[in-house]
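Below is one structure, written out as structure tokens, with a few remarks after it.
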Amino acid sequence: MMTKEQYFDSLRRLKPVIYCNGRRIESVVDDPMTRPHVNSAGKTYELAFDPQYEDLMTATSSLTGRKINRFTHLHQSTDDLVKKVKMLRMIGQQTGTCFQRCVGFDALNATFIVTHKVDKECGTEYHKRFIEYMKYVQDNDLMVAGSMTDVKGDRSKKPGQQADPDLYVHIVEKRQDGIVIRGAKAHQTGMVNSHELLVLPTTNLGAGDKDYAVACALPVDAPGVVHIFGRQTNGERRLEGDIDTGNAEFAIVGGETLTVLNDVFVPWERVFMCGEHQFAQEYVETFASYHRQNYGGCKVGVADVIIGATAAMADYNGTPNASHIKDKLIEMIHQAETMYNCSIACSAEGHRTEAGNYYVNTLLANTVKLNCTRTMYEISRLAHDIAGGFIATLPYEADYRAEETGPLIEKYFAANPAVPTEHRIRMARLLENMTGGTALAEAMHGAGSPQAMRVMLYREANLEHKKGLARKLAKIQA
Amino acid sequence: MMTKEQYFDSLRRLKPVIYCNGRRIESVVDDPMTRPHVNSAGKTYELAFDPQYEDLMTATSSLTGRKINRFTHLHQSTDDLVKKVKMLRMIGQQTGTCFQRCVGFDALNATFIVTHKVDKECGTEYHKRFIEYMKYVQDNDLMVAGSMTDVKGDRSKKPGQQADPDLYVHIVEKRQDGIVIRGAKAHQTGMVNSHELLVLPTTNLGAGDKDYAVACALPVDAPGVVHIFGRQTNGERRLEGDIDTGNAEFAIVGGETLTVLNDVFVPWERVFMCGEHQFAQEYVETFASYHRQNYGGCKVGVADVIIGATAAMADYNGTPNASHIKDKLIEMIHQAETMYNCSIACSAEGHRTEAGNYYVNTLLANTVKLNCTRTMYEISRLAHDIAGGFIATLPYEADYRAEETGPLIEKYFAANPAVPTEHRIRMARLLENMTGGTALAEAMHGAGSPQAMRVMLYREANLEHKKGLARKLAKIQA
Amino acid sequence: MMTKEQYFDSLRRLKPVIYCNGRRIESVVDDPMTRPHVNSAGKTYELAFDPQYEDLMTATSSLTGRKINRFTHLHQSTDDLVKKVKMLRMIGQQTGTCFQRCVGFDALNATFIVTHKVDKECGTEYHKRFIEYMKYVQDNDLMVAGSMTDVKGDRSKKPGQQADPDLYVHIVEKRQDGIVIRGAKAHQTGMVNSHELLVLPTTNLGAGDKDYAVACALPVDAPGVVHIFGRQTNGERRLEGDIDTGNAEFAIVGGETLTVLNDVFVPWERVFMCGEHQFAQEYVETFASYHRQNYGGCKVGVADVIIGATAAMADYNGTPNASHIKDKLIEMIHQAETMYNCSIACSAEGHRTEAGNYYVNTLLANTVKLNCTRTMYEISRLAHDIAGGFIATLPYEADYRAEETGPLIEKYFAANPAVPTEHRIRMARLLENMTGGTALAEAMHGAGSPQAMRVMLYREANLEHKKGLARKLAKIQA
Amino acid sequence: MMTKEQYFDSLRRLKPVIYCNGRRIESVVDDPMTRPHVNSAGKTYELAFDPQYEDLMTATSSLTGRKINRFTHLHQSTDDLVKKVKMLRMIGQQTGTCFQRCVGFDALNATFIVTHKVDKECGTEYHKRFIEYMKYVQDNDLMVAGSMTDVKGDRSKKPGQQADPDLYVHIVEKRQDGIVIRGAKAHQTGMVNSHELLVLPTTNLGAGDKDYAVACALPVDAPGVVHIFGRQTNGERRLEGDIDTGNAEFAIVGGETLTVLNDVFVPWERVFMCGEHQFAQEYVETFASYHRQNYGGCKVGVADVIIGATAAMADYNGTPNASHIKDKLIEMIHQAETMYNCSIACSAEGHRTEAGNYYVNTLLANTVKLNCTRTMYEISRLAHDIAGGFIATLPYEADYRAEETGPLIEKYFAANPAVPTEHRIRMARLLENMTGGTALAEAMHGAGSPQAMRVMLYREANLEHKKGLARKLAKIQA
């Protein structure tokens, strides 16, 4: 296993082509735009050496018998699946963001299953090749980007029907020593700080789309690979001081790229599917089901931080004992633990595959992510409700540091006298960046707090009159 | 009435002290950080001269009989209240953001009501003074910032109990010619591009808090007034090209400030409450009820743009006819029109006050904002669902403009062939900025679209088995 | 106008064929199964003579200039539309249930509009005939059942494609003196205690379905008409004492029938559409939009009673001051007033038709019912939450009256000592009956399926305009 | 283990005093009012002999080593906890209703834990006694009613503060041979067809309420015990034909009673708590947590039937392929499986107690029931949406059987021609009865009020830890 420092060094040895905001990023470890994402992924290396997390973070390889980082493990039991979820929640709690390494983790396990099946039905040798690749990944503790999502072009058309055939990654040449692929993968989480990328198909494919049925692995700095780093909400704040970016060390979400594969050569020993279109859908769904399992882990870890930050803001504002505040915190907790339950359950209800690794209950795995697509909005809404309009209109750190304005901000943003103003500002910035910021927080506030409106509704609704109506119909003599 | 250009010039003549990101803003009209907010407010001046909106945008003054901008009007009928809502929706549709001028509009109408009542009960002369002030505002077509929200300090304590007495604005000196006030107002929408600010109390006050019962008007550049401009999510993108900021002309929300009142002198003729603490709560609620009425206007206009952008994204992606897309658009429409209904109803059910202007139905006005605090999140969620992870991981405009990466982005972000790639990018950036961006959009996506999960749920739920169970209990022979 | 007593007598003079639970009902006024529904409808007659409701309950006929019951009025202004909503809420508050008379009210106004249009485009004389019919209805203060919903058979097929051509009402013979129709209408609210029924088409019709394009009026006891009275949840409790039925005087919902039209003859002067299939859809939607308007009136009246009963239960249980109880009551109030807002707004935003009566804003009217299909469930859920499991497990009235068990129930169901146990039981029974089974299923349906409303929302929301707004802000050249 | 027939015979040998609708019920097995509940509970006996369910339905006693019905088992592993959930779902699928036996199951496991703890801290001998009682229950395969919920009187007062001291069950006399208790237990699920009842405290108790700290077991026909059978929505339909009652064999929910304990004597060997008030709260919460675990089992089984019935109705109506129908079915599935996930997770995350049996994760168990109190309403709403108004207005079975009306109903309620009309009617009646009144109110309650669950969630969520996580990321020095 690599330490965090070894991971950083290993990244420095790679030379991927990365563009960001009109310039090249030379070192993802040292460039402030990418560094926080590197820090997040670095946690997956660092915590593997922390004795208190050894059980969650490491495993024994089913291929080599060696101790490995769990992120390179082929799940050997439902207990392994459950530990995956707990590991993700724990790292999510520590980073408050995406640590990116699960995509490849899931792609590896899915490829293990599908190559086994393809070989069995088609007499190919992908599985054997893939086992060798897995050993290489495990022994070198590599971070692998799971590279599934094609750019897709017109969503109403299949790959081969697109105006431009390159809108899904496809094989443009088969050579004696390997294949040449072209296309682009979008939303590539953790790509710039991975060692390898594992290409998978992104949709079910018909017989006419054989060339799109391709799976293979390659280094992130293979010739012809170009990464364009996506722009995140508030992404550039990390180039300044450390308050306004909220989570200065780890940033927000995963640092995605558009990764262009410009006639990239892949040798045969790294090719794991090449034309077997009939397995594309199962491949996609296997990967996706593993991946849906995760969200009740990592996102609940993130939600734990949001809940903690919101509860802290209530403390700072002097409102921790208001019953409506408690009730909203309870709702946040309820939503978060419901997501967690879904991930635990789809893991505990997993089963052994023919290939020998363990796979989640797919029906249940779908509920995980569907809940997540709703509850993260609800959790953010409640966080804004409790934290107040404050998070939408805070001044700049530069003004907080400036001589003319700093003392004014210090004085006027004091709340609970036991809490330094800076704490309140830092917590608000953490929340702003984790929950979608100004536009929504302002929709929540303005015209008084929602609680003030509820109090007025209660007072003005004339409940006594309504009780009288009910008594009359229930034939009760007043 | 002023034209938009006259409004811009009038702002240039004022010299408020504004800090932003460690520097002074010399001209709000010409500084790129504040210019979009000026443009939004400018629409309230520009549209007043557009014949097609004359009926909505202008009114006849009840004080002078002159034609005035509706934003300076004292409502004379429920029809006026309804027109206010329609005007706000229309401008919201044109700007896609907050145009800031309703806060003062509401504060003026609320002050008209409350001063009348105070005079009647206390024998004071605030109402007469205030009528003179109203004429001044109407004749000069001024933009007035409604300045209610104090910074509030520890929320569990009343103003006079705070560790620092300045955490609510209060009177520090009564002089022969006027009063001196100190404190700070937070979340001051539109402040930097207003002419005046109208200070109101922010909470109910007891007899011990008399000095906090203060209402008065002053120019935004009065001596002792310092404005610290808040930082918005993605706020600095407006300093770059015009794509990534989303809504380059008008920006997002209202450009709030922390406005510090550093021993500011106000002459008696601009003082409208001075110690009558027993009216503070009614004042707050009157203002708030008028203000809650607005959200089913302006926010629905904003929602119309979000719905339109989402529908356009579906067109660009090639999915406008998918039934689940239509269903989500319907839900967005339903939520938006429900908010609108609440604003229309609280207006149509308004009534004449003793002071002579018209006031909303307060019970109903509360439902407006309460719905808004929920539906804007739901609308954003559905927008993310339809628009796709695309809005969370888009490249920088600089990379789109660059020689090395521009052609790759052009090629690979093509979708519906009839639509230029740039249109798709622009629409996605508009949505990102209007709906809270990366953190939430990523919670929605990842592991496939929610629709893919629903399809899997349907397929895997074994409905035939469930039907069999029901048939057995319903005693139906299969 | 008829008094309630005259209404009862007028019903006694009719001899409709009504079956219920295996027997004939000879007098709807005197049979305990139908009497509560008669009482509810009777309120629409009784209250018209109550001076305090004169403005809501009566109007001046646009046809005759005579004072009429509002339920027979052709709306002459948006104020009439708003008064309709307020009238419905008020009667809903007094009856706690459906009073049935709005269906015909809406059918009359819709027929007035559509016959005018058909005549104009086809040169027919339906409108003139219909005006005569309206005068007859107004002068005799008749209750008319709006008879739209066909039984529909296989929902995937049009009327003429059904295995049995009678599954939609159709013309089976045109004679010199009139037409003969056959078929059946389902869910016929208030039918058994109406004087007349007004048949309308239920769906859009193609040229092949001309015989299904039929509208006409006939007495409920016309030869060939058979009514089969539906069974309601807990319906037979009304045959016992007065506690367990909950709302003994007025019962729950509208007393629906399946009304079979067995080759029924209708003279030409009562035929208002006969083959003009191209107007069927507009007819349906006009009726439905008027009918959707109602739900924020009558159902909010019903909700007021549920809220009142729930608040009373909290009093009886000793929990009125618990903050979570208050919060749930607030939520119920918020939901109810939101529905009301939607009805008020679609009324206030109505417009004059070419025929001369006033029509609701159809976009907004759809939101009324869509909200209702959700909020009545939410309101019921919260009522159950506050009222407790008590409402699900209460003993029988017979046991409460019995010597052996009565004292035990009296002793052990005591709560707040100031409240007689019987009050608590009565209130619980009222809630049980208002919030379960039939009541909820009817809140969901009525005025068309929720899906029909969603389709109309989509069509009427003018998405193209919204897309244009978004394109403008995103700086996209159209 | 007993067979179903032996269970029936064993009930016939008991002579409990049961009142229902003004009369005595002499034999719960043979009386049509109680027979369906007996059938449901009978399934727990019958299925224990079905080889395909042996693993779920039976276990090996930890006390005797004998094979026992799982409903009398002390959980020996998390796998046992998971099997409990799967068993409950399976029986729920087969009965479509409550089968009542889990209440005692949970009370037995909770008493096992608490008696162990009390003995350890107080030197008492309750646990030893209780083990003997457990062996008796296991060896005789008894059905035990868990008797927790007191009638509670005024909810704002503690037991000893009530106007009537009997509103909570209490010890009125301690004798040499045992104790005498008085009071009443409400909502007693399955009581009339149980063999024994196990009395537990219902709330936390102070030192002044020692006499209310009582746990003990007694036969349901012990002298002084009077059962008053509750009235359910549509309960009497079971006295007629088999269509309108919906689920003729098993009925709806659990057949609750008010069970009065009129100075009932209990010998010491059946007394498991007698004055140790300080353990009352833990006792309540232990029982409640076990009981909350169940709802994602049994209620999901019930939901499976509702989903199946709804899907069948769509088939019968001819609409199974409409995309909005599919989407609603998906939502129902999603809600049901989310509940299931919560139960599976709180089981898989259970732990061994000091007493030696296994206990659920209490934080997670609370989310189960909280979700249930919402989703059963949502599932019912969607069922009504798809099934149509049909379920609210269906005619009586008597009219369907009658000569005059039967053919009309047969003809006009035909839909999909491949489906007999009777099937459609039967399915609609099943849905009506499963989704209204009592069914919903019971889904809300059971296992304590939703508020009690929220309070536990707040307490157990470890907010301080979450705040610490947020502070760390926000770089705040603690």
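Should a chain be cited, it is by its letter among A, B, C and D, assigned in written order, with residues numbered from 1 in that chain.
In this text, a residue touches a chain if its C-beta (ideal position, glycine included) is under 8 Å from a C-beta of that chain, and two chains touch if they have at least 3 such contacts.
Just so we're clear, the structure is a prediction, and the values are computed from it rather than from any experiment.
The chains touching chain B as well as chain D are A, C. Counting every residue number used by either copy at the chain A-chain D contact, under half are found in both chains. Taking the mean Cα position of each chain as its centre, D sits at the greatest distance from chain B. Between chain A and chain B the centroid-to-centroid distance comes to 32 Å (mean Cα coordinates, whole Å).
Separation between the centroids of chain A and chain D, computed from CA atoms only, is 39 Å.
Chain C and chain D, compared by their mean Cα positions, are separated by 37 Å.
One finds 50 Å separating the Cα centroids of chain A and chain C. Shown for chain D are the residues in touch with two or more other chains, namely 324, 334, 337, 454.
Chain A meets chain D in the complex at residues 82, 93-96, 242, 246-250, 304-309, 311-312, 315, 326-327, 329-330, 333-334, 337-338, 340-342, 344-346, 348-349, 363-364, 366-368, 370-371, 423, 426-427, 429-430. The residues of chain C lying in touch with chain D in their complex are 19-22, 149, 151-157, 163-164, 166-167, 184, 186-187, 226, 228-234, 236, 244, 253, 256-258, 260, 317-319, 321-322, 324, 373-374, 377-378, 380-381, 384-385, 387-396, 398-399, 401-402, 404-405, 408-409, 411-417, 432-433, 435-442, 444-446, 449-451, 454. Per the touch definition, chain B reaches chain D in the complex via residues 323-324, 327, 454, 457-458, 461, 463, 465-476.
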